[in-house]
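The two complexes that follow have chain A in common; it is paired with chain B in the first and with chain C in the second.
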Partner chain A sequence: MRPFLRTLSILWLVLWLPLAQANSPEIRHWQLDNGARVYFVQTETLPIVDLRVTFDAGAARDGEQAGLARLTNSLLSQGAAGLNADELALAFESVGARYSSGSERDMAWLQLRSLTRPEALTAATDTLAMILAAPEFPEADLERQRRQMLVALQAERQSPPTIAERALYEALYGDHPYASAPQGTEDSVRALSREAVVEFHEQYYTAGNAVLAIVGDLSANEARELSERLLADLPAGDRAPQLPEPEPPEPQTVHIPYPSAQTHVLIGQLGIARGDEDYFPLYVGNHILGGSGLVSMLVHEMRERRGLSYSSYSYFVPSAERGPFILGTQVRADRTGEALEVLENLFVEFRAEGPSADRLQAAQENITGSFPLNIDSNRKIVGYVSMIGFYGLPLDHLDTFIGQVEAVTQAAIVSSFQNRLDPEHRVRILVGPEGILADEDE
Partner chain B sequence: MKRIIVTICLLAVAWMAQADDLGIYEYELDNGLTVLVRPDHRAPVAVSQLWYRVGSSYEYRGVTGISHMLEHMMFKGTERLAPGEFSHIIARHGGRDNAMTGRDFTAYHQQLAADRLAIAFELEADRMHRLQLTEEEFVNEMEVVKEERRQRVDDIPTAVMMERFFATAYTSSTYHQPIIGWQEDLDNMTLDDVQAWYDRWYGPDNAILIVVGDVEPEAVRDLAAEYFGDVPARDIAPPKPSHDIPAPGERRIAVRIPAEVPVIVMGYQVPSGATADEEWETYALTVLATVLSGGSAARLPSQLVRGQEIAASAGASYSPIARLDTLFLFSANPAGDTGLDTLEQALNAEIERAREEPISEAELERAQNQIMADHLFELDSMFYQAMQIGMLETADIGWRELERFEAGIRSVTPEQVQQVAQRYLIPDRLTVGLLEPIRQGGEQE
Partner chain C sequence: MRPFLRTLSILWLVLWLPLAQANSPEIRHWQLDNGARVYFVQTETLPIVDLRVTFDAGAARDGEQAGLARLTNSLLSQGAAGLNADELALAFESVGARYSSGSERDMAWLQLRSLTRPEALTAATDTLAMILAAPEFPEADLERQRRQMLVALQAERQSPPTIAERALYEALYGDHPYASAPQGTEDSVRALSREAVVEFHEQYYTAGNAVLAIVGDLSANEARELSERLLADLPAGDRAPQLPEPEPPEPQTVHIPYPSAQTHVLIGQLGIARGDEDYFPLYVGNHILGGSGLVSMLVHEMRERRGLSYSSYSYFVPSAERGPFILGTQVRADRTGEALEVLENLFVEFRAEGPSADRLQAAQENITGSFPLNIDSNRKIVGYVSMIGFYGLPLDHLDTFIGQVEAVTQAAIVSSFQNRLDPEHRVRILVGPEGILADEDE
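Up next, the complex of A and B:
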């Protein structure tokens, strides 16, 4: 051992006490009469509140009308309860509140950050309540949002990473609702009607389909009162039905020619759904393989050893149904073949053998030791709490997190990677200059 | 190989401590290292950031991008550590680490459990003066940096356009240069260049150590003295001034490259917190940017995106945190078939309005409320708190600006906002940049 490490191991002995116990935030949970589920975490240091209302109203509910979920979500704040877009924006911004909204495949959400000063919080949450209960979807605003979506789709054509992501989901999911992109296509967006928006809203923006997360400097009573003021006027409605299970795709390579300096590479397989019993071994395994930035195996092979790329990574997208597992990199076009080989060999090897004992231990120490960093701000906590509520994870998910990570074994990683991932059913997306596939055959 | 001597430091250190409303404690070690500590006990974690006063604005043609390249090489081993080992040690202690390079700074940061701070300090002190640069690592890492340039600039049309825009808008100022460096300079950079850059700028007397988190200030001071105390000072000379020519004259570029969405950017040369003769000007410019673009109800989204419906997006931005004069920027994408000339006229009409008439009291109050609320919201992130302090320090503004900020914003008047618009939003300070896409098939916007 080199001298410096000796010094460190001395330090290690001195400092290797159990980590300061990170108290997981205490999550309080209740349900309103109309069925809305509420999750609350009290944090007292800063006089602010973060709110997120999540609906099972993402692009997976688009049906034949790709882009419908996103258009509906973006229109909520463009007119409600007799106020127009300017008046609603003024109502938030006059009291310094920040409103935003968004939608992806599983969910659509509205988010608010406000000061807890009563006049600010009351004005901001009253405005949010109007947007939730009485959006009007004015025709003129709909046309404007449609044009903006078309500009975004046009911009996508100059963004190879976005082109690659769309192609990956299409190839991976075939006929499944996850196949289509939340931003839709130019044709589908042109065809969206106000009637469809109103219908979509009626069906999915209901209390039964809603999860509210509140994090901030409020008492439990204040949070309860706030949750009722925000959601009590929503119709009860039903929870959206379960999505179908996706089928594994036929293996394929899709090369989309693009005049870029780099090839954007995505290799996708079906991964896991939220709540999967193998979640923790897969999580720890992926952390080692390509989920831990500079210290991951992928970065070591691709960047540190070969100088092939600036960024290489792997990740799961755990979703309501099996979300993708993705290996990705951006690499100079003339070395695409080499990069593919390195990525795929590393994955196959890792799936067969798992990590070394040392890497596993290092990863467990990293994940458990850095756990407090995951919950060191209101913004991060509201993200976790929304996720727990939306996917119905146990309320003690965060409390048991460290123990679950520590219990992962090398054998569990190997068997979970072999059970859940299948490189025979992978799709490869390459977006980059023509001729790179010939390179692959060298 | 020498052994690191962990001295229990008995240096005669001239401690200078001061706490105030903000709860920021400042100390200076004998070797010139500034230590700034802000306790925040919400979670048992701390962020540690080491900021060096060197960035792309310290560079000159031939070695542009070298501060950023050196940042990458700082992870490539010391006399005692193998390449990459730094990050592995931090990770093993439950930490996260990375680094960033800006125009005025190079900063290295770790986030970890507060009781592991010593690990970060020992490693940072080591590479502050015992970096080991090798040709092999340099050659490999230069390939990585070139990939980073391809990824961040070359394959993103708006990034290509902005690089050329800044090279036009800044004339004699070194803000002219891209942080990642010109391709030609990357192609010709040598290991000796990087070594010289390290020797010239890296030392405790050119660095600021910032810790925010679940810590006690005096304990952090003692720990800093223990680990950084025996790093020798280097007597680092400050950079020569590289200010811009005042009001250099109106410029205009049209960038025609393969792309899809047209963009217009208009940048006016304005003072920063470091260069302003009168500090109120920077607060008035901040309020003006918020009135124009601070939210969905602000003038540009409300007039250009809604209202006239000619822009898919439209905004303005100004940050006073810069060592040299900076830019008050407008930018917009057209909606539908609107031409860039129409958008430019509409932006000019808004600029004209700001010069011609004072903003309303209601707009002023709303902007002030938004700025102060955002300022408070920022406290939610310990990382951002440390970053703000580091940026203020390396921009030669100083963290005490945070003490003056609220009073400064609250004292702005509508007349002052009009005055800065009249003084600075004028053609001689303006650069217009257009991205005119060449679409597939050769069609041009």
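Up next, the complex of A and C:
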């Protein structure tokens, strides 16, 4: 059979495969000599490999230089090992590979999708290895990137949701590293130097601080060789030190004037760290309270019953240290006070009593029934595997997910909401026109 | 085994399945009594169904009322069978289904992703059936949608690429229906009436004018039942009449003044209809000329050799009738004339001589090697299957794709470019500062 016909047949084949006997899911894990942790899931449905290298090098490591983690991450592919940005892009494109990168509070990452054909995979891996270990941070690209960050910060001033989120983290975290925004401030971005970028890269982009997730059509041996080839040139380095524990904030209301007809409301408190033993009851409880979009209790109360707001929601941001738990809504400005009262009362009531048996069962069915959508592509799986590796979650996290959701009881939701959340220590952020609350002081 | 464990096992199973003996790919096709054409691909990797209903109801059917097809399509989910927009959204969301819709020049479509669990699939299908057959086009939603279209048209005036594209279609197609933009004009959008929307829906959203593509984990019987359930309430109606053949345009240069440092350049001529027998040599030839992003001859000449432009490209838009073939670039305004000359000379030379043997081989390997990326999700497959059904392409189009690409010769590229393209009948669109060409008249 001609090779291209064989490729095609294999491809179609897997789309038509009858289900055979069951295997167990498996995340294989190993550590390289230089300290890098590797997590591998073998999939055989397509001749494609997705991989992500994650470093504990997010904005929480910015220190006084807000925006440094993001600038460093965005410059990696602008020049490395003697190749400029165009040549690096061409090296990926000519073998059909796709590269991207990003950074948030906890982590910074580089991601690659490549075909498994050996010549494509080798070329793409070698290019990524150069970007990882030998970035050059050219001055001209740094200035361009700085200008882009400043333009983005200007745009942010026109966006009430972004203004509110920044203010929420500041109010909730005070002196803790989570307080400052990954995108920095205009002053901090102007002050970032190439020297700081080089130092940040040397300190945090090391093997000891790295987690590599690989998902794709490779044997375990091939994945091991790939991991060594990709990360061999990284210096060993150290794992970043643990972040301090955040302190619960003083209760406060921050009102940021904005000329809009609606008020953007966020109410935040400290939530949970990744790996918290109460994760599942909190996850299911939040789904019922405000996590499930149009069918949550918050939407029912705020929109259906009172016509206060089209959009109301709640969510946890589980992080290396306690991330926020947030209740939010947008509401017609003259009804801001009423909306705050309804949101906060509903939360207090839910925390005291939990959901009804009907709502709990519906939520469990909704979550477990739609779980397939969460892992319906290699790209989504590589995201989960990275998260499991980065936060040190059990390797069977995905395997046990549905069972853990099914096991949640009404009593567990009540006790977890009472143990982990404390509405006395909440901050409220209001972005909207002035004079929306009769009494804005506390 | 408990049901949720079984679901999970099946899911993981398919990710780990070893390759078994080959099956042939298969698109099954049938026609319903009311005339609707159905195309079905059975996939068993995930408990998910993706489906798309396509109507010959795109902007080419707008007549004098530019924007009518888009307005009609966007209003479908705003109210149907007594349910309002929120209730319809909730009906999808409560069973984990995702709905979207859209329209372009040739077609308008509705798309649904649902879990295969019978209660979820039935509920999602019934909701979509209501949206298809019993939309209500509420006046208030029509006005809101009209305002959104007007805002989008204002934004368009700030976007040189969109300005250029609109001007290209106008210059290239003259009186032909393809001349007018799917988004309409400010005047035409202001004039659209609810009555016109209702008439458009009655005429074009019929079974005889519909193609349904289904991709997912269903048996052929289940897919057949789904197709009947979904489309049973559509009136039979007629298939839309064939569009007229477009005439080649008079050569012309249109310069639209815009205060930018760069000129946005498009050079357009009539290309091919879907199903053209020269499709594959044109596709491979264009990949080499300007279709492959950073590795094309256009980029090599314009960027690497002359430093004229970062971005240069060419593409076909195969359509029901001859769609455009477009060469494009962005260039520093003071080098616009030089860029035009280089682009046009390169095209004329390529049309006369075709690619080198090396470039041809590299392109064939690049296209066939990265073909898996084109069909790596059900969503992409449903797009291809819709296209095959809508344009009446051979059912084995995907199956033979790689073989057809491999079979393209240098001689076939030259003769297809000479047969199908005629640089004498081209239009040039320049969007950029005034005075960029020494002589703008022809």
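Throughout what follows, the second predicted complex is superposed on the first by the 413 of 442 C-alpha atoms of A that agree within 3 Å, B and C clash if a C-alpha of one lies under 4 Å from a C-alpha of the other, contacts with A are read in each partner's own complex, and residues count from 1 in each chain.
Heads up, the rule we're going with is that a contact is a pair of C-beta atoms (placed from the backbone, for glycine too) under 8 Å apart; a residue touches a chain by one contact, two chains touch by 3 or more.
Bear in mind the structure is a predicted one, so any value in this text is a computation, not a measurement.
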State whether A:I402 touches chain B only (first), chain C only (second), both chains, or neither. second
Just chain B (first), just chain C (second), both, or neither: which does A:E93 touch? both
Quick check on the superposed pair: does A:Q31 touch chain B, chain C, both, or neither? Answer first, second, both or neither. neither
State whether A:L294 touches chain B only (first), chain C only (second), both chains, or neither. both
Should A:Q252 be classified as contacting the first partner (chain B), the second (chain C), both, or neither? neither
Just chain B (first), just chain C (second), both, or neither: which does A:V151 touch? first
After the superposition on A, what does A:P372 contact: first (chain B), second (chain C), both or neither? both
Just chain B (first), just chain C (second), both, or neither: which does A:T45 touch? both
Per the overlay, which chain contacts more chain A residues, chain B or chain C? B
Find the residues of chain A that appear in the contact set with chain B and again in the contact set with chain C. 2, 4, 7-8, 11, 15, 17, 19-20, 22, 43, 45-48, 86, 89-90, 93-96, 113, 115, 120, 292-295, 303, 366, 368-373, 375-378
Any idea which chain C residues touch chain A in the complex? 4-5, 7-20, 22-26, 41-48, 86, 89-90, 93-94, 96, 113, 115, 117, 120, 292-295, 303, 366, 368-373, 375-377, 381, 399, 401-403, 406
Where on chain A does chain B make contact in their complex? 2-4, 7-8, 11, 15, 17, 19-22, 43, 45-48, 77, 85-86, 89-90, 92-99, 113, 115, 120, 141, 144, 147-148, 150-152, 154-155, 157-160, 259-262, 292-295, 300, 303-311, 330-332, 362, 365-373, 375-379
Using the touch definition from the top, list the residues of chain B that touch chain A in their complex. 1-4, 6, 40-45, 75, 80-81, 83-84, 87-89, 91-98, 111-116, 118-119, 122, 126, 139-148, 150-151, 154-157, 214, 258-261, 294-298, 301-302, 305-306, 309, 312-313, 333-336, 365-366, 369-370, 372-374, 376-377, 379-382, 437
